[in-house]
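In the part that follows, the structures are each spelled out as structure tokens.
The following pair of complexes shares a single chain, chain A, combined with chain B in the former and chain C in the latter.
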Partner chain A sequence: MDKKISVKVCLGTTCFVMGSANLQELIETVPAKYGDKVDVSGVPCLGLCSIDWEFSKAPYVKVDDEVIKEATVEKVLKAIDEKLK
Partner chain B sequence: MFIDIDCSQMKKYNQNAFGDYFVSKRYPDESRLVAVLSDGLGSGIKANILSCMTATMLLKFISNEQIPIRQAAEIIMNSLPVCKVRHISYSTFSAIDCYDDGNAKIVEEGNPDFIWIRNGEVMEPQYEIIQSKTFKNRKMKVYKLKFKLGDRVIFCSDGVTQAGLGGGRLKLGLRREGLIVLLKDKLAENPDISSSELSTYIVNQARNIETDRNPKDDISACVLYFREPREALVFTGPPYHQQKDKEYAELFWNFKGKKAICGGTTANLISRELNIPIRMDTTISVGKLPAVSYMDGVDIVTEGILTLTKTAEYLESGSIDIDNAAGKLVKFLLDSDCINFLVGAKLNQAHYDPALPIEIEIRKNIIKKMAKILQDKYFKKVTVQYM
Partner chain C sequence: MAMNTPRQTSHIKREILVRLIKAFYSDNFGENARLIPYKMRPKDYEVAYRCCVYKERAILRDRTIAGLGLSIEDTDDSIHMAELAEKVLERKQPEEHPLTVLQTACKGCVPSRIYVTDLCQGCVARPCVNTCKFGAITVKNGKSVIDPEKCKNCGMCAQVCPYQAITKIIVPCESACPVGAIAKDENGHARIDFEKCISCGKCVSACPFGAVHEKSQIIDVLKQIKAGKKLIAMVAPAMFGQLPCSPKQLKAAIMELGFADVYEVAQGADVTTKNEAEEFEERLMKGAEFMTTSCCAGYNELVDKLVPELKPFRSETKTPLYYTAEIVKKEHPDAVTVFFSPCVAKRREALKNPDVDYVLNYEEVGAWFIARNIKVEDCGEAAFKTEASAEARNYAVTGGVANAVKSLLPEELPTYPVVIDGLNKQSIRDLKKYAKNGVCELGNLIEVMACTGGCLGGNATVNAFKPALKQLTNYVNESKHLKETEKVENK
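Showing the complex of A and B:
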């Protein structure tokens, strides 16, 4: 079987207030949709906001190594679909 | 030794203000604690004002170090006015001035004698009686004592000892003897009970024996417990100089006591330096705070600014039983006696984006506020170290 796709939702301060609070629903919806092909979890901080602070694009989500800026549920699902193709 | 102190109170039935007043102040630099419990004549607002004035003035006299406790109490005793109706003094008081090494002085005027329990037995300390020069019917007791690890001292207002007075079962009320029995039983059952729990227990028991559970007087119980301090460390924010990460991670790890990490970056730093994986709580955090995460050897791991701000808010308002990350942090803090904050001074520029909600405060300010609340309201020993 192929390697699982890992989805990491940043739950650091910046991301959380910029919308990752709502992205937490992925933790439930993704396994329901993709079964065990995708692994979703929250992480304390991806450390991206402090690097990218001038052009803050929080919230951030990482799908494998791909960083999704200004992440939304749709964007994340699309990225997962791309990977699964 | 750490002196765990707390006071629990209940108002007289049908009154809207407490007629007893308790104040306490800790001086971490001098390892000293001063506390006063005063019972104002009558009840309600009037009693509240009388007891509040007596207690705060006495505390002020003693704590300025200018007047020793004995003289301070004497001045108050000699100057308290007499009630025109009842011909007795406006208020009564008990005060304690004690140090971490166990040396203490206690003065009492009019309140029930304090109870000193060591190894389950009630001690009967020597005291000196000072007669008031201005009022024949007033005298105070002065004690010079040395407390040991495990000792407990209980002060109460006459609302406790006279609880149930004239009622069916206890015609003379609970009295000192009854209170001692209650205390001994409780301590035998739960030897490590905290002062906060014990004082609440006393007050509830006193209320339970009142007719219809309606207190006929203000009920107050203040408990001191001399014990080994429970140390806690809160690590929040990465250090200003990144090359110090390793040093601070080790400082954190070598700390003997309970540990908390507040901050995603901080958690990552510790995880990276000490090679401990972080596991996130998989439950979805409802409301405004990210869920806690877990690391082996660390008691609690939370997000930073938002959680700390909320924690300070809960501590200030006294909401101590809330099931979210801040509620857990509140419990962590209140279960400790000495709380050390290790605060990283590094700023995250992203937090200053005007697009972010205004609630995002500067870490140093939140910690400063929280330290003050923990010290003043919860009588904790707090140190803050910046790095």
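Showing the complex of A and C:
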């Protein structure tokens, strides 16, 4: 039995303003596309933005342990597809 | 794509704002402002969009100039960036026209025209040749050819081609502008005609290069904070759908930025609703066929500049911002007022109203939170002294204004709301028709919103439309109805 892939969309202020506001749609589209193979949720600040000037790489999404910088819907879906291969 | 989904261009604009704000708080504003393009595109940077790192830096410098609130077109390239930044600190008031175009970004856009693609089969029927009223199409070597001298860009040939082989190449800003105020000049650079521009912000959202910028007033506001002035924020209802926090947390977060107090512009919207309901009833009694609302700054610019025939039909009632600013200045005559806006059009309204000192849009406020490392979701809660009604808070959503006004009208009064959900070429034609005929066949209380979806669809919003609507609606649902609240403070 395979472990579920976990997708965490950072909805902290920095990520939200830099674009994760538009990743909220993943919370609906991912379950529709992958069923129960993938768990997706919006989470509070992952703390990745506070180091130095790393805000500029926000929004961040974590797919299992992999951190996606400047995340877009496409990048996240691609990362999920890679994991499912 | 959702109606106001920010793209990579928004990311760049917001990053510059954050860096500019950080520079302001640093011990060397000018120098750190100058370094922004270099920090964003260091030597070893893999060039993302343009031909080389030098061009990318030059473009980022221009974007930073807009962040400083200056006109990109009018700024001399040879002036040292640090010098420009320092000079901005001496500015007494924001510039008159709120938009500026990064013309170097316009190169990628070919002028709008009709174009015959390789799909043309040189068919026997030749509907394109027959349809063209201007005789601009001939067939050469088995393919249709358009004579640019004769073509009027009507697009009829594209419509009739059975192979869909003819296409209209559009310039996104031109095509988005509802009033024909932006176009490419002879050099291929987009230029805004400020005589016509109604500051609706549609070109800002439409340009895939992010070439149209708002001239930011962030530095002016930061300067006031630094000078120890008493600043009061006036927050438009759309703001409560923008960030991952409750309305009371948002107030606490804004106070952490250095504001003395925060007022809901919905407070003024309650005054607008009451006055507008009275006015509507009075007009109907006098036999008026219809009245339009008057709260949208983009619509007001349209009427004042381009469609004066609508003036007699537009409500004389002032905007929610007007009443809110009046209340704030009365209660705090020494305060500097800052309006938090979802769109560029309100900058024009603020410029004409001495009670509104500055305007910041939601992107700028968001960038400010990032720069100061304020996590709105972790903030405590601060209550508003005056709570606005559910109807007022719903002004930000299409239909909300008309509903608010209707809620105060007597049931026996024949009130039929109509909604213009976004200004575009067609809806402007409709409005002109109503003015010309003196009647609107669809109803008598016409709410006009320049942005589709209402203020939540504004060009400078941060949240996507759907989640923003959900968040704001929750707030509206927990608010009291206008009729239940005690007497509205009358103007």
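What we mean here is this: the second predicted complex is superposed on the first by the 82 of 85 C-alpha atoms of A that agree within 3 Å, B and C clash if a C-alpha of one lies under 4 Å from a C-alpha of the other, contacts with A are read in each partner's own complex, and residues count from 1 in each chain.
Quick note on the criterion: a residue touches a chain if its C-beta (ideal position, glycine included) is under 8 Å from a C-beta of that chain, and two chains touch if they have at least 3 such contacts.
Bear in mind that the values here come from a model prediction, so they are computed numbers and not experimental data.
S.K.: Between chain B and chain C, which makes contact with more of the residues in chain A?
M.R.: After superposing on chain A, more of chain A is contacted by B.
S.K.: Mind working out whether A:E70 is in touch with chain B, chain C, both or neither, as first, second, both or neither?
M.R.: second
S.K.: Would you check which partner chain A:S6 touches, where first means chain B only, second means chain C only, and both and neither mean what they say?
M.R.: neither
S.K.: Would you sort A:C45 into first (chain B), second (chain C), both or neither based on which partner it touches?
M.R.: Touch partners of A:C45: chain B and chain C.
S.K.: Once chain A of both complexes is superposed, is A:V17 in touch with chain B (first), chain C (second), both, or neither?
M.R.: It touches chain B and chain C both.
S.K.: Looking at A:E25 after the superposition, I want to know if it touches chain B, chain C, both of them or none. Which is it: first, second, both, neither?
M.R.: Both: A:E25 reaches chain B and chain C.
S.K.: Output the chain A positions appearing in both contact lists, the one against chain B and the one against chain C.
M.R.: 11-14, 16-18, 21, 24-25, 44-45, 49-50, 53, 56
S.K.: Provide the residue numbers of chain A that touch chain B in the complex, in ascending order.
M.R.: Result: residues 10-14, 16-18, 21, 24-25, 27-28, 41-45, 47, 49-50, 52-54, 56, 58 of chain A touch chain B.
S.K.: For the complex, which residues does chain B have touching chain A?
M.R.: Going through chain B, the ones touching chain A are 263-265, 267-268, 278, 280-282, 284-285, 288, 290-291, 293, 301, 303-306, 348-351, 353, 355-357, 359-360.
S.K.: Considering only the defined contacts, which chain C positions touch chain A in the complex?
M.R.: 2, 5-6, 10-11, 14-15, 18-19, 39-40, 243-245, 363, 366-367, 369-370, 373-378, 462-464, 466-467
S.K.: If we count contacts the way the header does, which residues on chain A are in touch with chain C in the complex?
M.R.: Within the complex, chain A touches chain C at residues 11-14, 16-19, 21-22, 24-25, 44-45, 49-50, 53, 55-56, 70.
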